[in-house]
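Each structure below appears as structure tokens.
Look at the two complexes coming up: chain A is in both, with chain B in one and chain C in the other.
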Partner chain A sequence: MRRLAAWVLGGCAVLAAAAPWIAPNDPVSLFADRAFAPPMAWHLRDAEGWHAPFVYRQQLTDRISRTYVEDRQQRVPLRWFSAGRVVAIDPGAGPLLWCGADALGRDLCARLLHGARLSLGVALLGACGALLLGAILGAAAGAAGGRFDTVVMTVADFVLVLPIVYLVIVLRATRPLVIDTAEVFVMMSILFAIAAWPDVARGVRAIVATERTRDYAEAARAAGAGPVRLIGHLVPAAYGFLRVELVLLMPALLVAESTLSFVGFGFDGASPSWGGLLKDSETLTAMYSAPWLLLPAVALFVVVLALQALSGAGATISPGVRRASAVDIAAPRR
Partner chain B sequence: MTRSRLIRLVLAVALAVVAILVSRRVGTPQPDGEAGPRRGGRLVASFRTEPTNFNRLVEAQPVARLAALLTQATLLRVDPNSGAFEPRLATAWTGTPDGLTWTFTLRPNVRFSDGTAFTAADVLFTFQALYDERVGSPLASEMRANGQPLQVRALDDHHVVLTFPVPFGPGLTILDSLPILPRHKLQAALDAGTFRAAWSAGVNPADMAGLGPFMLQEYVPAQHMRFVRNPNFWLTDAEGQALPYLDEIEVAIVPEQNAELLRLQAGESDLTTGGTRAEDLAMLRDAEAAGRIRLMNAGTAIDVSTFWFNLTPGAKAVAGKPWLTDESFRRAVSHAVNRQAIVDTVHLGAATPVYGPITPGHGQWFVPGMGETPFDLGRARTLLTSIGLEDRDGDGVLEDKANRPVRFSLLTQRGNTERERTSAVVQEQLRQVGIAVDVVALDGGGLVGRFTSGDYEAIYFGAQSNSADPANNLGFWLSNGGFHYWNPGQVTPATEWEARIDTLMQQQAATMDRAERIRLFTEVQQLVADHVPALWFAAANITVPVNARVGGVTAAAIQPPVLWNAERLYVTSERR
Partner chain C sequence: MNLALAIRRVIAALLLVITVSAAAFVLARLAPGDETTSDFIAGVDPATIARKRERLGLDRPFAVQLATYVWGILRLDLGESARFERPVASLVAERGANTARLAFAALLLATVLGLPLGVLTGAHARWWGSRLIAVMSIAVLACPPLVAALGLLYLAVSTGWLSAAPGHLFVPALALGLPVAASLERLQSQATRDAMAAPDLLAAAARGIPPRRLVWVHAARQSLRPVLGVYGIVIGSLFSGSLAVEFVTSWPGLGRLMYDAVRAGDVRLVAGCVFAGGVCLAVGNLVADGLRAWADPRVRETA
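Then we have the complex of A and B:
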């Protein structure tokens, strides 16, 4: 199971990294005659027999009910490694829409792949930031003990009770009206790191505080090791915990990004992210007659499931450690 | 925690799917109301917002208008489809040749819902409250002619004389929005300065009285308003049967549009009072084919969202971007926007491309072809080059002469699907000519705040209008108007063409000759087309869904599109 999960995550990472070449279309290009167009199907065979993979051109027959039919008069062959794409079709045959199109006729596959870069990227960076911050502060608190330990843990408690979603709104209000995608990416990563470090710090602190009473730590101290060097000896004991925290934080932050983008405080429509894409599927119509708009939710589900599966063993290593979740980060704490 | 959230997510999706499947199966087709009006029964409508006040004179929100339409009556009514006057509380009216003085004969033997007789004193009281500064009525400005109040006096209990201070083009049409209020219930509140609070949301319905077809029986916050038949309603149908036909109308408060649609699909509501999204029409068509609902065509909307740049001289927000206020830039933007693509994608074809604020829904005020700027990227690029905007570094984005990128922010209303999607289309289409647009969706309050403070570069937004007559919309046309979007509240007109529009609009508002008014207004539209102060893209075709058991429906392109004629609605069968 863990191997499968690793393959899934690896595959997602490759798809996200190679999005500009794999996506058949530009993620912001509009195709006016493809609003809510369904996914195109691959074909290998027609009345004349077997062929190399091909598709049929979509024809809009009723705009209001968004009825599309395949033009079976002519096969449209797939062109591999042409026009800078892994696969494409003759532009005259219309756009190639593997996953269908959204309400504005934008290629959902392209938006999903490009969105993965932002969503996975911000979750990974946020999780790494939280681990770094939490490990440093937790280790220092655990090793030093006393007043410093109390102060760090009090700050951690304070951050834990902060209503982060309102902080995001306030923070957004202090920034200019227009901020570019890179700045949103960095801001969101920093915010996630700040919101998630206390859980990491608590775990690391507990491990380090226990380890510092062990013989090897006493020996190091007796040999004249200073505080920094001593921490260097103690922190490796928390590596397992940090690995588990990484795979636990990733899904939480992934969902948090989706939540923030969904409510309009994340990436805008010109920079697709999975949360932003989910906004298009919030209407009843999307579920009723354009269910492919729920693909971002499916992608989110699969990635989160894979991350959970990957962290399965970790859950038994540190059962008592409180885990950050999307609710903790994107909603007021209860 | 994460797992429990996942479980909740899966459960929510499963429930939604089940709800949709169930909604597609429930409800047996009902016969249409071909048998003629049937007396009795209960109709359920839905509305998205809560009332804060039931007094139309102090509350401008659509929900207050709805409550007033159900519970109050006016002297006369303008049929929203034909534009013809209908006698209401006044049975006849005669005017002097100059159109300044009108004598109204009030309907005899009319009683308020509490049994008190209606007299001319109630009409005088209503005008007194309307113009009372302590009341601060939002209706007061539109009930003035050239800024001056109308004079009203009573000849006797059943005759009143209304005098316009100056010739006024819209004439008596303005009376369509003025409900006549009960003097015996509200005079004390007006005298005490508590008129605004007298019929606030917490009012005891027994303290209210009206001349409308229904009476408020109950308001349960966040749930519903219940209106029951007014036994003293004074109108009968052609067969002499007393109106209204319905015993009761319940207006359920359903803030969420998807929930509103589900209720309609499942037969829990008979009609909605908000707009219908184009993308929902396919689902509604299926329900119509199954015989559960009927889709009524109410014509082309008269409210069109407006795209405008901040043209206020010296506005800090546009400092350093002189091209934003250049007429050629606006014209280039107009040529670069493919309106048909907006109609096809945002409205799924259920709209009409427009090039000005006047749509085919405005009837005789609409001039076909006026100001058309065909989609022409070549022409747009030529215009941009003519004002020094070129792609100097080859990055796909134009730069001005100071080498600054041609980039602006476009504010729009968050949650308004039509506006958000149109903004996204405009963003992508302007990218084709090298103009970078940052779309920022703000909540309604934040957007209006930016507009009133002048802290914006461009906005795509609009206000609701219930009158096709341009003279009832002077706040938009006059340079000193609050809704003169691109440069509101000017002390003196900033441009010659705006000064000319001011003159023309004042002339046409003060002219009683319809043909002359149309001629003057056509010239106004031409000036707007020549100077492109703002852009308009598409006017929606309004479709109203109603349950198949509801009869007597005359849909109109106003709010509320069905309940404006509530007394003539009936149901052909009882609710399940």
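Then we have the complex of A and C:
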């Protein structure tokens, strides 16, 4: 399970990183005759027999009901590693749409891949920021103890009970409506880091506070280690916790980002993240006539599921090691 | 529950809500433009705009505005919304009640569905049904409210089994409640299993207490504590999750109001929404803490 999840996540990361080469089209180019075009299918054989993978050209038959048919007369062979893309077709045969097109005739596959960069990137950066902030503050609080400890933990408790989503929206609103994608990226990551550090800080503080009383810490102190150096010795004890926390934070931040973008306070407009893409699928008519617009939701589901499997949340499908349980005595197995 | 402690918690919650609302007021003021920007763009004549600014107190220094606002909160007067031209308090109370209704329905659904299933799967870990439920739980757990709401809506559109009509409580409550039900089921399952393996339960079983009573009374009571512990977190997540659900299912809750307020640059309404959100969250947390203290005597002294 875990290995599969790691492979899925690694695959997503590669797809996102290599998006410009893997996506068959540009995410912002509009294909005039392809509004709500359905996904294209791979074909391997036709009436003449087997062939290398090919597609059929899509043709718009009715502009009002947006009906498309495959032009079965001519095979369009896939061209591998040409024109700077992993896979492409002859431009004369129209765009290659693996996941269909949106209302403006933009390639959903390309938009999904480019959106993955934003969605996964913000979640990762925000989680790393939260870990860094939480580890520093938590370690300092745990090592110092006393008044500093009380102040940091009080602030952490305070942040934990804030109506975070609303505050993030308010903070987002302090900037103009249309801002640069890069700026949104940085801002969102910082906001997520600020919102998520308290959990990390609590855990690190608890670990550091117990480690501080152990012999090796005493030895380091006796050898003349200053407070900073001492923290350097204590923090590695929390590495395991930080690793787990990273995997736990990622799905939460991914969901937070997609919700904010969906609502319109994140990445939307020309270069949306997965949440921003889902905005197009929201209307009932779009859902009915172009269900492929829900693919970003599927992508979210898969990534969150993989992250949860990796973190071991609910990893108890199989009973695993057998322990004596009251059930065995009360109801012996038949 | 310890009365002094309870009072201290309530006072802390009140302070929190007031601080957060004031902070939201300040932050929303930092945003470019104000309540009259749209009028200005629409070409409303300057005298009217000046009157509106005066009525909203925009002509006074910011420190005075903030002080007036905080003084207003203390008397539960949240000012007037520029966008809806109504008192913020009544507007926010109305929408906040909707959000609270949705969250409560979701919580009820999650509890009624998740806890019994969790006891069942925890007590009979080797039954095929438990494994099926566990797999379903894990799948549902990976559906954040946004995905769950869109999925349910798609189900409603493509099969006609559910009503997708706006104003219907069922779909939004299901979208919000199902992931929570799944996490409660997993938690209760683990807690039940741990309780069943505890020495006292083994002893009780050895004395011949019937299995049904063992599971549903003895183990259930012991597993109550870890499960009640997460209710505070659950309430927080319901609250943030309801934003997405409200948008997808057109539920007239606080989230949508907040969106309108931010887009209109309606500072008092923005702060009012944050106030209402803070109150809902604080009440939820207090109730969760109370429940925890009731279930676990140790919490009463230390929290």
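Here, the second predicted complex is superposed on the first by the 308 of 334 C-alpha atoms of A that agree within 3 Å, B and C clash if a C-alpha of one lies under 4 Å from a C-alpha of the other, contacts with A are read in each partner's own complex, and residues count from 1 in each chain.
As a convention for this text, a residue touches a chain if its C-beta (ideal position, glycine included) is under 8 Å from a C-beta of that chain, and two chains touch if they have at least 3 such contacts.
Bear in mind that the values here come from a model prediction, so they are computed numbers and not experimental data.
Touch criterion not met for A:L4: it reaches neither chain B nor chain C. In the superposition on chain A, A:A256 makes contact with chain C only, not with chain B. Taking chain A as the reference chain, the count of touched residues is higher for C when chain B and chain C are set side by side. Once the two complexes are overlaid on the shared chain, A:V304 sits against chain B and chain C alike.
Of the two partner chains, chain B is the only one that A:L104 touches; chain C does not reach it.
Annotation: chain A residues 251, 255, 264, 282, 284, 287-288, 294, 297, 301, 304-305, 308, 323, 325-327 touch chain B in one complex and chain C in the other.
In the complex of the two chains, the chain A residues touching chain B come out as 28-30, 32-33, 35-36, 63-66, 103-105, 177-178, 248, 251-252, 255, 264, 268-270, 282-285, 287-289, 294, 297, 301, 304-305, 308, 323, 325-328. Considering their complex, residues 16, 20, 23-24, 27-28, 30-32, 123-126, 131, 134-135, 137-139, 141-147, 150-151, 153-154, 157-158, 164, 186, 189-190, 193, 196-197, 201-202, 204-206, 209-211, 214-215, 218-219, 236, 239-241, 243-244, 247-248, 255, 258-259, 262, 270, 273-274, 277-278, 280-282, 285 of chain C touch chain A. Within the complex formed with chain A, the residues of chain B that make contact are 1-3, 5-6, 9-10, 13, 16-17, 20, 257-258, 261-262, 277-283, 285, 338, 340-341, 344-346, 348-350, 409, 411, 414, 417, 420-421, 424-425, 427-429, 431, 438-441.
Taken together, the chain A residues at the contact with chain C in this complex read 158, 161-167, 169-176, 251, 255-256, 258-259, 262-265, 275, 278, 281-282, 284, 287-288, 291, 294, 297, 300-301, 304-305, 308-309, 313-314, 316-319, 323-327, 329-331.
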